[in-house]
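In what comes next, chain A is part of two complexes: it sits with chain B in the first one and with chain C in the second one.
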Partner chain A sequence: MNALRKYLDKIKPNFEEGGKLHAFRSVFDGFETFLFVPNATSKSGVNVHDAIDSKRIMSFVVIALMPALLFGMYNVGYQNYAAAGKLAEATFWEIFGYGFLAVLPKIIVSYVVGLGIEFIVAQWKNEEIHEGYLVTGMIVPLIVPVGAPLWVIAVACAFAVIFAKEIFGGTGMNIFNVALITRAFLFFAYPTVMSGDACWVATESICGLGYDLPDGFTMATPLGEAAVGAACTSSVCDQVIGLIPGSIGETSVIAIAIGAVILLWSGVASWKTMFSVFVGGIVMGLVFNQFGPENNAVAMMPWYQHLVVGGFCFGAVFMATDPVTSARTECGKYVYGFLIGAMAIIIRVLNPGYPEGMMLAILLMNLFAPLIDYFVVQSNIDKRAKRAIKK
Partner chain B sequence: MANVIKLRKGLDVNLKGKATKEKFQVACPGLYALVPDDFTGMKPKVLVKEGDRVKAGEALFVDKAHPSVKFVSPVSGTVSLVERGERRKVLSVQVQADSEQQYVDFGKRDVSTLSGEAVKEALLESGLFAFFKQRPYDILATPDVMPKAIFVSAFNSMPLAADFEYVLAGREADFQTGLNALARIAKTHLGVSAKQTAAALTAAKNVVVTIFDGPAPAGNVGVQINHVDPINKGEVVWTLGAEEVIFIGHLFNTGKVDLTRVVALAGSEVKKPAYCEMKVGQQLTTMLAGNLTAGKTLRIINGNVMTGVKTTQDGFLAAHATEVNVIPEGDDVHEMLGWIMPRFNQYSSSRSYFSWLCGKKEYTLDARIKGGERHMIMSNEYDRVFPMDIFPEQLVKAIITGDIDRMEALGIYEVAPEDFAICEFIDSSKLELQRIVREGLDMLRKEMA
Partner chain C sequence: MSKLFSKENKEVLSSPLNVNNPVAVQVLGICSALAVTSQLMPAIVMGLSVTVITAFSNVIISLIRNTIPNRIRIIVQLVVVAALVTIVSMLLKAFAYDVSVQLSVYVGLIITNCILMGRLEAFAMMNGPWESFLDGIGNGLGYAFVLVVVGAIREFLGNGSLLGFQIIPQSFYDMGYMNNGMMTMPAMALILLGCFIWAQRAALEKKENKK
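So, the complex of A and B:
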């Protein structure tokens, strides 16, 4: 540790103003603060500080994503082996290994592209590297289908980081959730690789693991099946465990629940937002069950099933709670969450073109979050103004 | 029975090195200095020259804008230096004290026979008016505007703060006289902690006593004003430190200005944290000598660890400081992989660390910021520890963007930088909130002038 510190101190002058590697200052700074807590001391204000910083917060979100990621890897393998009919012959490690090899390139592409842009922007603006992309870069591979090609993910990440984040001023200033913009960009720019029934199962063998599936192999997600009025091939129990086709990280309710516990326990995510998303989903699910058109299979899906299929849980736990793009006042969080849950179900039921509604619901509410906050803050302002007049 | 207000929001940080309730002696004669910057919002006009003889209570400088506000020497002696900085700004006026102290006699007076105006005149004359602050802006009070009320907080809830109940012991009569004097000027409110039991506080006469029960910053006078009688636009409120009430009482009871206060010397790097008697402006070496741990860089804080300013051993006790805290500077500490290590010896209000499991453990915190400055990421982080009916995050944003109308609408008139100290402590984005709020207040004041 001391040797590493000495080495860093030795090479540090190269990166400072006038050093020959000054163009990589932000990269050096990023790695240095990653390895060691910065030891700059306070110049004004409080003389002691809480140990919390944004690196710690972002790390905890990444940790909370791990169960969903690991399960997602297993499920990718599971779906391939199941489709080939060879499930009984495969060991756990073969299944997981296949999924690992299928998912890893997506994670690498997402991080390399996104962090690369972050490094460049940080250098250009002479700022420190913001940690926000650590989370975004992990979420992106989890919310795309396994069939999405790498170059498409690279394009989408670049688009989202530049146009949804950096032009607004970086992490903390963005209006929309960056990971969801990535997904929305993929969905609208490359609909063929992002939806339909062909993209949810990995169809090629990798490094000798897994099986090549026949061309044109399709497998629908539960929501895809419901949208076309077909009978559901998976039980609610499967949907909770997550051994169903779907975006990589979104299928298992159990894995996401472990992540939710980590987020809520550490206080990183707001329980108010998370809770009210589920309330909104349940209420709207019940409304459709009661009054919905009977020939619409999605409307007739029981309310509890609405919560476990598709990206509902993943969105509620990891994306609705993004503090930057959600409502920032405590009362506002209830309204914001409730409307996300309700909108997601409305889009699912009433939109014939696309079976899932969580992504669009959260993006829509990202747009309205400042309006919700406006009303909450305005009530405080009005109260103060009234108090002044009364006297 | 006094009104009890329970506060839920806030945070008590348990730091090592609390002052034990005993007094140690400090050598008195030496160098004293009055620092104009301690009195925020004032430009000084120096009245003395180097070599002049002054008595304790004689003015060293006055406020240029309000020459009736005098800043008096804490001791009798010879003016040794008028220290000036850039653009001839007065940094301090230093007095070498005599061994025999001579006081200006302002004459004993019975407060109950005086009008509010007469009390104010007496305070202006004796230089004690300089200790009043006013809200809005949290600056030195202006004598020509009468306040709607005067607020005194009898406790400081910040970590390592002096316990006023201990400071008060033996000075109860002066304290009550001081309160009587304030009550002649305007309606006076005294904020008392639920933990304080001294009759001089809970049963103080001629003032409205309100009891506050809650974590820091419940002892901040700004929090108390917000709950008792919030400030509206156009209103002026004066605030005064509880120790300074004793000065006022002493003036009317004896006719002398005695700026001696009981100061806590506390912090993890103090060998024997305890109390001592210091005069305002006394050089800190007198209290620190031989009482600090050797062998590492220390940060000596003139005032509280949350609100005070960094100084040196040669610094002078700040006008409003009720304690001097000493903590490690920490600039030689290299903690590895802080984003993931458990870091058991670090305190955090976040559960991503383990300090919430450690109960009553006392922490040794150093002056490191422990993170890089970021945009505001976590939502409503400040609200958890900001027990006022104000949206702190939105207010700070309004200040950063320089939106004066919005600052006003969101209640900037009611706050002082110190009210944001705990917010700044827990801020994961590491913004310098107290500096930002100070700039906002200055901006607004300039605009309104």
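So, the complex of A and C:
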């Protein structure tokens, strides 16, 4: 650690005014503050500083995403070997290695494109680099199917960073969750790589690992099966563990639960939002079980299964709790979370065009979060005004 | 003759194309700009129709502007525009049926296009026929210009073609290129239009700063 600090101090003059690498000062600054907590203090006024700054918060979220990422890698390999029928012969490391090689390029592309744009904008506007993309860049590879081509991910990342974030003024100013805008763009612009049943299993061997599957190999996700009314091929137990086809990081409830514990323990995410998303999902699931149309397989799916399939858990833990785009008032968080859970199930059941409703539900509620906050604040003002008048 | 193309008249013709663009600067006529620009051909036809209708309704209103009672001027303007729109719509149906089907109700809706009413109220009611004609042509072309730019980008990225001719070769698709389905949706038209306005205002600001 000391050696790193010394090295940074040594190369620092190059980036200062007049140094030969001055053009890259924001890049250097970004890395320096990421590696070491800056010890600069504000020069005027009274300020309360938390020991943890936003770069450290982002790092916590990235750590919380690790279980889902690692399991997602394993699952990518597992699905390929299972589809080839060679599962029994493969070792754990072969399966994991294959998944690792399949997922790693997506992570690299997501970070290079997104951070590249952030660096350029920071340099251009003469600002510090915002740290928001650290998390977004890790979430993006986790919410796309393994079959999504790299250039498509690059286009979507560029679109989302520019139009969902930089236009609104950078990290902390965005209305919509940037990672979800990436996914929404992919979903609407390139529907063939984002939905259907041909994109969930990696079909090519990489570096001698894995197997080439025949062209046109298809495997549907549980929600995809339910949407067309087919019988579910995986048990609820499989769906909890996560050895099912799906977007890379969303399949395993257990891995996401570990992430949720890390987020809640460190206080980064709000338990109120997370909890109420699940309540909303359960309530709406029960309502559809009771009153839903009999012939709609998704409506008849038991409520606990609604929570474990698709991106419901991932969305509830990592997306709905995004502090920038969610409701900020404590009461508002309950309303916000509940409506996300309820909307997700409603979209799943009633709109056959979108078998997964979580993405659209969160984006929709992102839009309403300021309104919810407004009403919470306003009702409090009214209450206190009444109290003052009574006296 | 020199009077016909005096400096003021040139200004009347050219300013809507640039500093006073009806779509990009005054943000009028957005609705139809989103609806008809998914392909280039309808965008061009729509742009030309609006140009013709604006020009001639401007001329007609300008000719009779002194006889129109002030209270019912909007109704008179609407009658003139509606007559011209009907003529254009019939011409389109007769000579370019496919495009007119694509444009569907949006030809008829030119009647309610804010650009038209705006020009009639703000210009034709106070100026002579020739100036009004130039103003109509200028504003129509300013509108058409935006439509053509947005339409071309949307058709190129959304369908890989321009005016129906395939531009992106098949070999690209074989390598894994895909058309961007989002481009064919109105949402993307709004974003492109926003980019266009952004670019144009940035350019204008730069010009002004130079002065």
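Points worth noting:
Here, the second predicted complex is superposed on the first by the 366 of 391 C-alpha atoms of A that agree within 3 Å, B and C clash if a C-alpha of one lies under 4 Å from a C-alpha of the other, contacts with A are read in each partner's own complex, and residues count from 1 in each chain.
The working rule: contacts are C-beta pairs under 8 Å (C-beta built on N, C-alpha and C of every residue); 3 or more make two chains touch, one makes a residue touch a chain.
Given the structure is predicted, the values throughout are model-derived calculations rather than measurements.
When the shared chain is aligned, no partner comes close enough to touch A:Val261: not chain B, not chain C. After overlaying the two complexes on the shared chain, residue contacts for A:Phe163 are found with chain C alone; chain B is out of touch. Legend: residue contacts after superposition of the two complexes on their common chain; A:Pro149 is shown touching chain C, with no touch to chain B. Touch counts on chain A: comparing chain C and chain B, the chain ahead is B.
Judged by the touch definition given at the top, the superposed model places A:Gly132 against chain B, while chain C stays out of reach. Look at A:Val193: by the touch rule set out above, it reaches chain C but stays clear of chain B. Of the two partner chains placed by the overlay, only chain C lies in contact with A:Phe185; chain B stays clear of it.
Touch criterion met: A:Ala385 reaches chain B, while chain C stays clear of it. In the superposition on chain A, A:Val112 makes contact with neither chain B nor chain C. The part of chain B that touches chain A in the complex is made up of residues 13, 15, 230, 232-235, 299, 301, 305-308, 310, 325, 327, 329-340, 343, 346-353, 365-380, 383, 389-391, 393-394, 409-411, 417, 421, 424-430, 432-435. If you check the complex, the residues on chain C that touch chain A are 176, 178, 180-183, 185, 187, 191.
Interface residues of chain A, counted against chain B in their complex, comprise 1, 5, 33-60, 128, 130-132, 169-173, 265-268, 270, 323-324, 326-330, 333, 373, 377, 380-381, 383-385, 387-388, 391.
Listing the residues of chain A that touch chain C in their complex gives 149, 151-152, 155, 163, 185, 188-193.
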